[in-house]
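Here is the structure we will look at, set down as structure tokens.
The letters A, B and C name the chains in turn, as written, and every chain counts its residues from 1.
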Amino acid sequence: MLSEILTLWARYDLTARTIEHLTMFAVALTFAFIIGILVGVLLYRHEKYAGPVLNVLNVVETFPDLALLVLLIPLVGIGAAPTIVACVLYSILPIARNAYTGLSHVSREQIDVAEALGLTGNEILLYIRIPLSLPLIAGGVRIAIVFTMGIVTLGGLIGAGGLGAPLQTGIFINIPMLIVTAGIWVGILAVVLDGLAGIAETWLAGRFGEW
Amino acid sequence: MPSPRLFERIDRVELKNLIKRYGDSIAVDDLTLDVTGGELLILIGGSGSGKTTTLRMINRLIEPEAGTVSINGTDIRTVDPVALRRNIGYVIQQIGLFPHMTVRDNIGLIPRLEGWDDAAITTRVEVLLELVDLPPEMFIDRYPRQLSGGQQQRIGLARALAMDPPLLLMDEPFGALDPILRKQLQEEFSKIKEDLGRTIVFVTHDIDEAFRLGDRIAIMHDARIIQVGKPEELILDPASDLVSKLVDADRKFRHIDNLTVRDLMRPVTRRYFFEGGMPIGPALLAMMEDDLGLVIVTDTASGTGILNRRDAFTHRNDPVTVGDVARRPLVFAPGDSATEALRVLKRKKSPFALVMDRETPAGLFFSDEVLMRLI
Amino acid sequence: MVAIETIALATFHHMVLAYTALLVGIGISIPLAVLSLYSRRFASVVITGANLVQAVPSLAVVAVFVPLIGIGFWPAILAIVLRALLPIIKNTWIGLSAVDPAVIDSARGIGLTDWQIVRHIRFPLAYPAMFAGIKFAAILANSLAILTAIIGSGGLGSIVFEGMASVNIAKLMAGAVPAICLAILIDATFSALERRLTPSFMRE
């Protein structure tokens, strides 16, 4: 059985697929993180938009992932581009919402103390609010990691490569061992990444306080 | 199916050689205690002394490792725990009202599970609300979060009495309330107790409360009972230094001759002041919302008066004002000697007096509280 | 172009798929959540399991079902159920177990049986959390019901996959747009229901 797996692994070049997969994942998550934090900070700066913006993002969140991917094809073509855009669209909400909640819910006393020490508004944001929001932001990133992993895998169906591609091949030309190998492998990757994010979250929460 | 009525009255609750351990620590160590029918027995001790564990073994919320609890000679292990608990009232400090149920449903839940019809439940709930001084028409449909702490505790007591249990277990029921309200509830409670003639086991860590309410007091320390007796026995004949220290807690008040009324009174704040012209209905409402048992009525025809909650409750539907119902209290000045003030209270058989600093009410002076601090 | 009847039929099929799975999921997960109240170990297995499986990409979950039980409507239902179970179990369990211990203690103290405590105290207090889990599961089921067309479930997903095979944008939209509309509808319906069902003791 092991030799069968190794043969399949080589024939369908799962090493290259894994690298593709993780590259897309890293690119998507980086964009999602930057945009998510930016949106979070903007919402914190302009509270009155927070409700409507979060509501819209909430609705996007309910879209079936495959339907959203497909919807993006006429706009950005097939392959990695719609995959990454879809990942970002799904991941903005958890990151932005948690960043916004974290930033705006820092306790009044801590802000008072910072102001009394003579910190400016931006310094308070940078040195007080952001560090104190880190555990919550980490929680949002962790959710984004799960979304991103799921959608990058779906990307295989619209020509983005990655580990979704061998899954599709396995289903279409019926190679059970390929499905199982690629399926379990991507499952392990997802669980490990989520686990690492969980450890980071716990560590940050232990350091900066529990929410 | 309705639970059987296990006992009409309590003759005796016997706790015999009870042992309970949690891991390596012993919570109750070979405890033996007799509760006589009709008495209010206090279990007092510090945290971790085993008093709550002991209480909870009486309604089988905790099962002892060794020893027996029997009620009127029946070993409670032979009784279904659910049936047992429906025959024993239970009140805890955190109250534990069901947040999703109205006052009616909270009090009426067990009657409903026992198969009572709606009319009977409503009647019972109304009787119990009257008993705890809450006008049923105002409170029956409220949810717990719409009640103040004191009101919640009254409902907790009413719920415990729903099935008219002859035995009542209370675990620091007034522990979370502010001092004046606490006193008020203690007084009302001791009246209820006399009216109903129930047997009560009452856990507290507050020696004042123990002396105020207890017929007998069992002092617990390190999982054991170190002395059981009437309050005066504990004072006159303490079994150990620990007991004498406990009953003697406030040494600083020993030299009563040097003390003035100001030293022993309870100060009052603005919310205790009501104007004499206020109609009684809204006044009762305000007293209930703020959990006030006694208020000071200003600007009446005859000077400053005192309105107690019971009187306000009785007259709640009459077309009278606060000034009409208020009573004339005894009045002291803050500088009066405490000994002299106590003598006057005793002679006039009054439980308390108003302390006036010239024209301004400054506080309330309760006789039992003063005595409690002096014992 | 895609005939309107084809879309309507596929939408109906899609809804049957998603809601059958959702109902089966509710039916399985609520008893499991109640059971996990009675065994701490069982609860930790269920919750850890739920968290782990939640992280696995849904395409992997759906794909792995093929070698196990083949393709078609019922394997698709099974795949969706497995996914939809998790948020319901987790939320129900959180709701049931997050009840104030003092409330449970007093309920026991005044003589409620274990079952009566679950029925009259824990469940009503868990409804909001349970409902949130069901809402999430409904959205998930709607999403997965598209993907399961890859293992032959039929429905809107088959139109999408046909569109992909022939790179036919009109077909892609004919499958995707109704699914997105359904998602918005589900979200709106459940949110409205949520407001209606919010127990009066939680309203101001």
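Following the convention adopted for this analysis, a contact is a pair of C-beta atoms (placed from the backbone, for glycine too) under 8 Å apart; a residue touches a chain by one contact, two chains touch by 3 or more.
Predicted model only: the values in this text are computed from it and were never measured.
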Problem set entry | Reference chain C; chain at largest CA-centroid distance | B
Problem set entry | Distance-to-centre winner among chains (Cα means, whole assembly as reference) | C
For this session: Please work out the Cα centroid separation of chain A and chain C, and write it as a whole number of Å.
Result: 22
Exercise. Roughly how many whole angstrom separate the Cα centroids of chain B and chain C?
Worked result: 50
Exercise. How far is the middle of chain A from the middle of chain B, if each middle is the mean of its Cα atoms, in Å?
Worked result: 57
Problem set entry | Of all residues in chain C, those that touch chain A in their complex | 51-52, 54-61, 63-64, 66-67, 139, 142-147, 150-151, 157, 160, 163-164, 167, 169, 172-173, 175-177, 179-180, 183-184, 186-187
Exercise. Of all residues in chain A, which touch chain C in the complex?
Worked result: 58-59, 61-68, 70-71, 73-74, 78, 146, 149-150, 152-154, 156-158, 164, 167-168, 170-171, 174, 176-177, 179-180, 182-184, 186-187, 190-191, 193-194
Problem set entry | List of chain C residues in touch with chain B within their complex | 100, 102-113, 116, 120-121, 124-125, 199-201
For this session: Write out the stretch or stretches of chain B touching chain C in their complex.
Result: 3, 59, 61, 82-87, 89-92, 94-101, 109-110, 113, 143-145, 156, 159-160, 162-163, 169
